[in-house]
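Across the two complexes that follow, chain A remains constant while its partner is chain B and subsequently chain C.
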Partner chain A sequence: MSNKRKIVRSLPVLALIFAIALAGCAQKPSSGESSAAGGASPAAAVSSASPSAESGNTPQGGELSYALATSPDQLDPHRSGYAVAVRVIRTIHDSLVAQAPDGSIHPWLATEWEASPDGKSYTFKLRQDVKFHDGTPFNAEAVKYNYDRILNPETKAANSQSLIYPYESAEVLDEYTVKLNLKTPSSAFLGNLSQALVSIVSPTAAEKYGDQLTKNPVGSGPFKFVSWEENSQIVVERNPDYNWGPDSLVDNTGAPYLDKIAFKIVPEEATRIGSVQSGQILAGETVPPQNIASLANDAKLQIFKSNTQGLPFTLFINQKREPWGDTKLRQALQAAIDVGSIVKTLYLGTYDQAWSPLTPGTLGYDASLENANKFDQNKANALFDELGWLKGDDGIRAKDGKKLTLRYVDGSPNREKRNDIAAIVQQQLKQVGIAVEVEITQDFRTVIFEQGNYDIYGNSQVNSDPEALRNFYHSGAKSIAASQNLPGYANAEVDALLDAGLVEQDPAKREDIYKQIQQIIIRDAVIIPIYVFPYTVAASKTVEALKFDSLAYPLFNDVYLGK
Partner chain B sequence: MLRTAGLRLLTSLLVIFGSLVLVFSIVYVLPGDPIRSIVDPTTVSEETLASLRAELGLDRPFYARFADYIGSMLRGDFGKSLLNDEPVLPKILKHLPATLALTAASSLFAAMVGIWLGVLSAIHRDRWIDSAARVIGLFGISMPTFWSGILLILIFSITLGWFPAMGSDGWKTLVLPAIGLGIVGAGYVVRLVRNSMLEVINEQFVLTLRAKGVSERLVMYRHALRNALIPALTMIGVLSGELLAGTVVIETVFARQGIGRIISDALMAKDIPVVQGVIFFSAVMYVLINLLVDLSYRVIDPRVRRLQ
Partner chain C sequence: MEDTVAVKSPAWRESRAASERVRIRSGIRFSALLVYGAGLVIFFIVLCALFPGQIAPYSPTLMNVDAIIQSPSLAHPFGTDYYGRDVFSVVVHGTRDSLLIGIASVLVGGLIGAAIGAIAGFLGGVIDTIIMGLIEVMMTIPGILFALAVAAAMGPSLFNIVLAVALSAVPGYARVFRSQIISIKGRPFIAAARSVGAGRVRIFARHVLPNAWAPLLVMATIGLGTSILVGSGLSFLGLGVIKEIPDWGTLLSQGRGYLTVAWWMSTFPGLAITLLVLSVNLLGDKLRDRLDPKKNRI
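For the complex of A and B:
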């Protein structure tokens, strides 16, 4: 009997041994390609400080493992449309100019620039000491090549096309001077050039790789591309020649301190954060709110947080569908939704409530709107009654035999708990007598952009300039698919202000214009702003000096691994 | 023997073809425009959308696209990813080994643990070991893999620090996902093995063996288990499909490379050529495993041979 038991008991152990042996055999082909990348070590090994430390005692070397929440779609900056790709693209590519967190524009690959008096062209003087990772020199021709490449339909450029708008052509004045001509004046143009999606790629590499540049990106940035193992990791290594970092954004303008960054792709948030907690990796992005509080008490970990700029997560009320074209009705709706409690309940104090169509930090943000339009259920009820929408026996308001219903559409998967917002809004509006029908669909693009079948749809946009408002609130927003103006808003005053803001060259006057726009949009209850999305990173305490640019994308130039 | 094998092969090919037709039509009637999920419709003009549609052949009728697809597939060309122009076939071949390793390891885990618990359960029928094994089996079947996966990470990675929580480099990263996925299979195997063991134990030949004084160990493991395992073999064929499907979830939870991860990403992005490619390969693998299982009856069970 005892013998039998032994055998039976050892079966699972045997199973494990078999599994392990199998893994050993089968693993080789899948990870074989990474050998050049040296991606085998899962945790960061801090190598001893190299003697060539440029800036005093900052420890050199080491590999930073940094978990991304989703896989980048492309590493070709001009073809990508994903924020997650920008985190990697930014390490490999530089831009012509840099935008500081206060919105001001500073030199990067361009040392100085001048706008023509009519605002229709910009002349840039370029740095003369910059080389791409493949040895190609950076010059005026390279700048022209890049921006023309974005316009070329064969490139299949994505977001970069709208970022570079209204760029028309470039003239090479001499080796290091380039003039960019615009179709129409645009005060947003210069700031947009700072974005990673319109950064400069090596023209030689772009010609050589064509549509496969996405797998072989070559820029002039602080890190060089090494390898991309799909659904596993993207590795970049230190560019030892780097000497042109933007001093408005980072302290270390020379070569970075880290030897390597391994961007791991870990979609499941519990796994991503768990890997940081267990020490398997050093940092992981997008920390769920419930973890932020608990991780803050962990002696070995720290949380980095940076608010994104542009448009906060906003509920757009579709005025094209009755009865929501009525401004007073929307104002009642505005008073009936308790945004403060939504944000507190779902994000546990880790996200800030939004009050304006713009986020704090974006040029022209109007702080006077904060706490201005508060939740007031009595006011909402009074307004609904006044408009003739009266509660029936079922508790739902009706007018002329029509029930007051609202169709709330949201996308799936449940990004940033947006589906939960829909559920809470549904509850809150039920209290004032509105029947909310929530549709959560993966195919929201068809429902929203093709059919326009929504009363409320929420969206946000990370952007460097308040000109971003045009696509959402200008009645003629149509360079763009017809239904992009999500609230279906047509206000001649706002149109005129947006057009004025685009060409105004005096920053103070521009700010004033955008403040007026924000006031009008909130006054007309065009939208209900909900929250400002913070980019969060959970990291080991050994990760030092992680910084963020004005759009909350991480900058690794200063990062070093301490004890 | 050869004739039946040939016949089975032919029906297998039909099954694969059928799955292709099915996938092709499902993707075709699915709501939504794949173009709109590749490019941001808010920044690209209608003309660009139309030209992209034409370039990808999405404006052509169903049968023409299907015929084209089969044609180029036979030449080894599965098309390019809509997302980043990567050829589909190399992409799948690159990730297939990781998924095969995971499926094999979890099948082994399921078979070993399942058989072990099933036998224990049958031998100790209606005692506490039996109840415990049956509860474990039920637990394995009912637990969703994403939940058990996260639980494994919490215990063995974060708390104990024995195994890494993510990745697909090295045997250590295979342990937790293989267990997470294998638990489900083990649950089925426990119940099956228990039942068929109980049946076999009550058969005449077991009584004869015992009467002849053969040791209990030999009776159980040499004779009873061998007979009880035949239905379990069928189960393994069916389970392989279950496990293959399970990789979709488990590979995402453990951030592993593999075709399960590829298809879930591709589905989200409506990357049709990739979806079709992965489904084709999964169908081939499933059919192949079951073909092998069918053929192996003849080798294992002399009665089947005699029947034919």
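For the complex of A and C:
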């Protein structure tokens, strides 16, 4: 009998291994299972029709479950720094103005506005019928309170601080008229005001909750905050009083059709997409490239894809660390990395390669940079040799006894396959004789932003205006250890151009300024642009009229659940 | 049931006994076959760990952009992954780390566990109570959870992974070794040694230790399988080391996002882990049967 027992003994081992292997691809569709978790069955959608809605033929009600790839950091718009948070924040909060996909600015909470002749102040006329979710009326005081709140160091504002630059103060002219004063004229200011991270929160709630506003967000948006279960889900419900949607972005300016949106937090990509395929969740964001083709062929599903704007995913080379302060050495590095094959290999043709510090579609994008700086291993080798970095017996280059090493830091979890980019760069640079040490860490905030302990770090930023470059390339920006910008770059010419671009009123001249900046940054090999991130959503075909704003953030005002 | 058996004829009983004998005999053959198979698998895996360059057809770091996500073929028996690497070559080269984590953690865990067990068992008294109390506390935490906590707290490095897996196995080794020491301590030959004037250290080193190691050896062999599994599990969960040449657990984890489009990326590393652990366990069982005093003594 003992032999039998041995086999039986081994079975749990086998089972465990298969369990581990299968854990990732769990949640496969089990036939005939109803979507109880989603709670969005057609019956529910019909029965809970709301009488207050104006358009009679759009199906009302229902709950949309929408899977997010990571957890938002904050729901207080002024303190958040994550794109994923904006997807939720946008449903709860409104902005003064809206930016259409063509870049033009349209009314939202402000009905009209006027810039002073010197460009240093804007006077806004506000809507008079707007109320926050807690009943607080929206008025000029509220606008002043919000923008002052961002400037107030006690708020610990994040990205909103650079978005609102150069805002200085506000004057309440009457109940519904407010004048915003700027330190310098800014052509980016109006566009930036349209962004969700500088949207308007209820002053009453902000006073009441303080730091805890992030857990109890109160705005004036189409949906009201209901609950946030950490690492599980965030629920928002319909705001029945909503009547001030931006007609430049959405068709339905009244209360939304959906009763609720449940933002589920599902970091595991196979699980997220599997749940959409099985119908447990109606929509899921960030579809892995390898799944896009097969999902597009699925008769029950649809794929939405919208390229983001702002700064593409870019590798920043830290010039403050030796030997990377040498422009020629960085140019050699630039020529040694085959970005084209990285993008092709990892994203299977679903992402576009980036060529500039800006993404296509952002104002001033310089298309002439495309295909300009090509991968050229021979050129790279020649440059390294010329600079005196010669290959040793181990295949690694060295100069004066110092080996040519490069510390590449990236964050965990492996968002958008960024860790895999590090692995490929490591192999490519090994071929030209650079030893790349890859560190993948969950604690990248400390390593990068507090210690500045990296030669290469990759980052991207979704933004509406090329003014976003300031935070990364202006020598006055000191995001790293309060002493340098991300690439450790200080170029007086770029500084002057960035300052000029901010105040320039003529759009054509502005474009020209930003083109010059892009050319200089690429010429100086400050960065290696990698890819433009397309925001992708896989959704059941019952999800109708999902729209995206100019920054590829989803808009749920028009969404209804069909059959 | 008892009744029906009783009324059956003796002839029937005999035939049943005969068939039982046949079953046992063929069973033994089957088990011997399994053991040889397991030995062969381990032999091959050790070869892979020692000479990966001679066995793998490609370099494990060669990323071929023109051959990404290809299904198994003659050129690539295990297919290629999303970097365009040959999965077979990567698995072969990943053997060394997977095996190293397993063996090193068993050695470290076994040595620490044996030392603790020996001290507790030989000295006895208050020291024994305190040490074993601590071990009991450690045992209340499940091994994998303990390893996870240690690995997460100390950060990813090969040494930390080994230590994490080793520490999670310490309580088991300590308990077995302690009880073994205690049972040997009570044997007459120890009393005899003491009566002829041997010191405590001499008794411990010359008489107790040499007679106590056998169960530990069996336990270590079987523990090897568990250690490889826990090590791979930690790598799978992203607590392992990110290196140019990934170990099997990391490979499993890298391929799981592609399971619906390219099953071979995680299936083959998974099979490698399965085969290795299964083989080690089979050999461990065999070794236990051989060393079991109750079975072999006349």
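Keep in mind that, in the parts below, the second predicted complex is superposed on the first by the 481 of 563 C-alpha atoms of A that agree within 3 Å, B and C clash if a C-alpha of one lies under 4 Å from a C-alpha of the other, contacts with A are read in each partner's own complex, and residues count from 1 in each chain.
Assume a residue touches a chain if its C-beta (ideal position, glycine included) is under 8 Å from a C-beta of that chain, and two chains touch if they have at least 3 such contacts.
None of these values were measured; they are calculated from a predicted model.
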Partner chain(s) touched by A:Thr58 [first = chain B, second = chain C, both, neither]: neither
More chain A residues in contact - chain B or chain C: B
A:Glu229 touches, of chain B and chain C: first, second, both or neither? first
A:Asp420 touches, of chain B and chain C: first, second, both or neither? second
Which superposed partner A:Gln290 touches (first chain B, second chain C, both, neither): second
Contacts of A:Lys215 with chain B and chain C, given as first, second, both or neither: first
Touched partner set for A:Ser169, first chain B, second chain C, both or neither: neither
Partner chain(s) touched by A:Ala270 [first = chain B, second = chain C, both, neither]: both
Contact residues common to both interfaces of chain A (with chain B and with chain C): 1, 3-4, 9, 14, 16, 18, 20, 23-25, 270, 413
Interface residues, chain B side, partner chain A - complex: 31-33, 36-37, 39-46, 48, 51-52, 83-86, 91, 94-95, 97-98, 100-101, 104-106, 108-109, 111-113, 115-116, 119-120, 146, 150, 153-154, 157-158, 161, 164-171, 173-175, 178, 216-217, 220-221, 251-258, 261-262, 265, 268-269
Residues of chain C that touch chain A when the two form their complex: 27-28, 30-31, 34, 61, 63, 65, 68-69, 82-84, 156, 225, 229, 232-233, 236, 238, 242, 244, 252-253, 256-262, 266-267, 270, 273-274, 277-278, 281-282, 285, 289
Touching residues on chain A, where the partner in the complex is chain C: 1-4, 6, 9-10, 13-14, 16-18, 20-21, 23-25, 269-270, 288, 290-291, 294, 341, 344-346, 348, 412-413, 419-420, 423-424, 426-427, 430, 438-440
Chain B contact footprint on chain A (complex, rising order): 1, 3-4, 7-9, 11-12, 14-16, 18-20, 22-31, 33-34, 39-40, 42, 67, 71, 73-74, 81, 153, 156, 158-159, 161-162, 211-212, 214-215, 229-232, 264-268, 270-272, 274-275, 277-281, 413, 442-443, 445-446, 449-450, 471, 479-481, 484
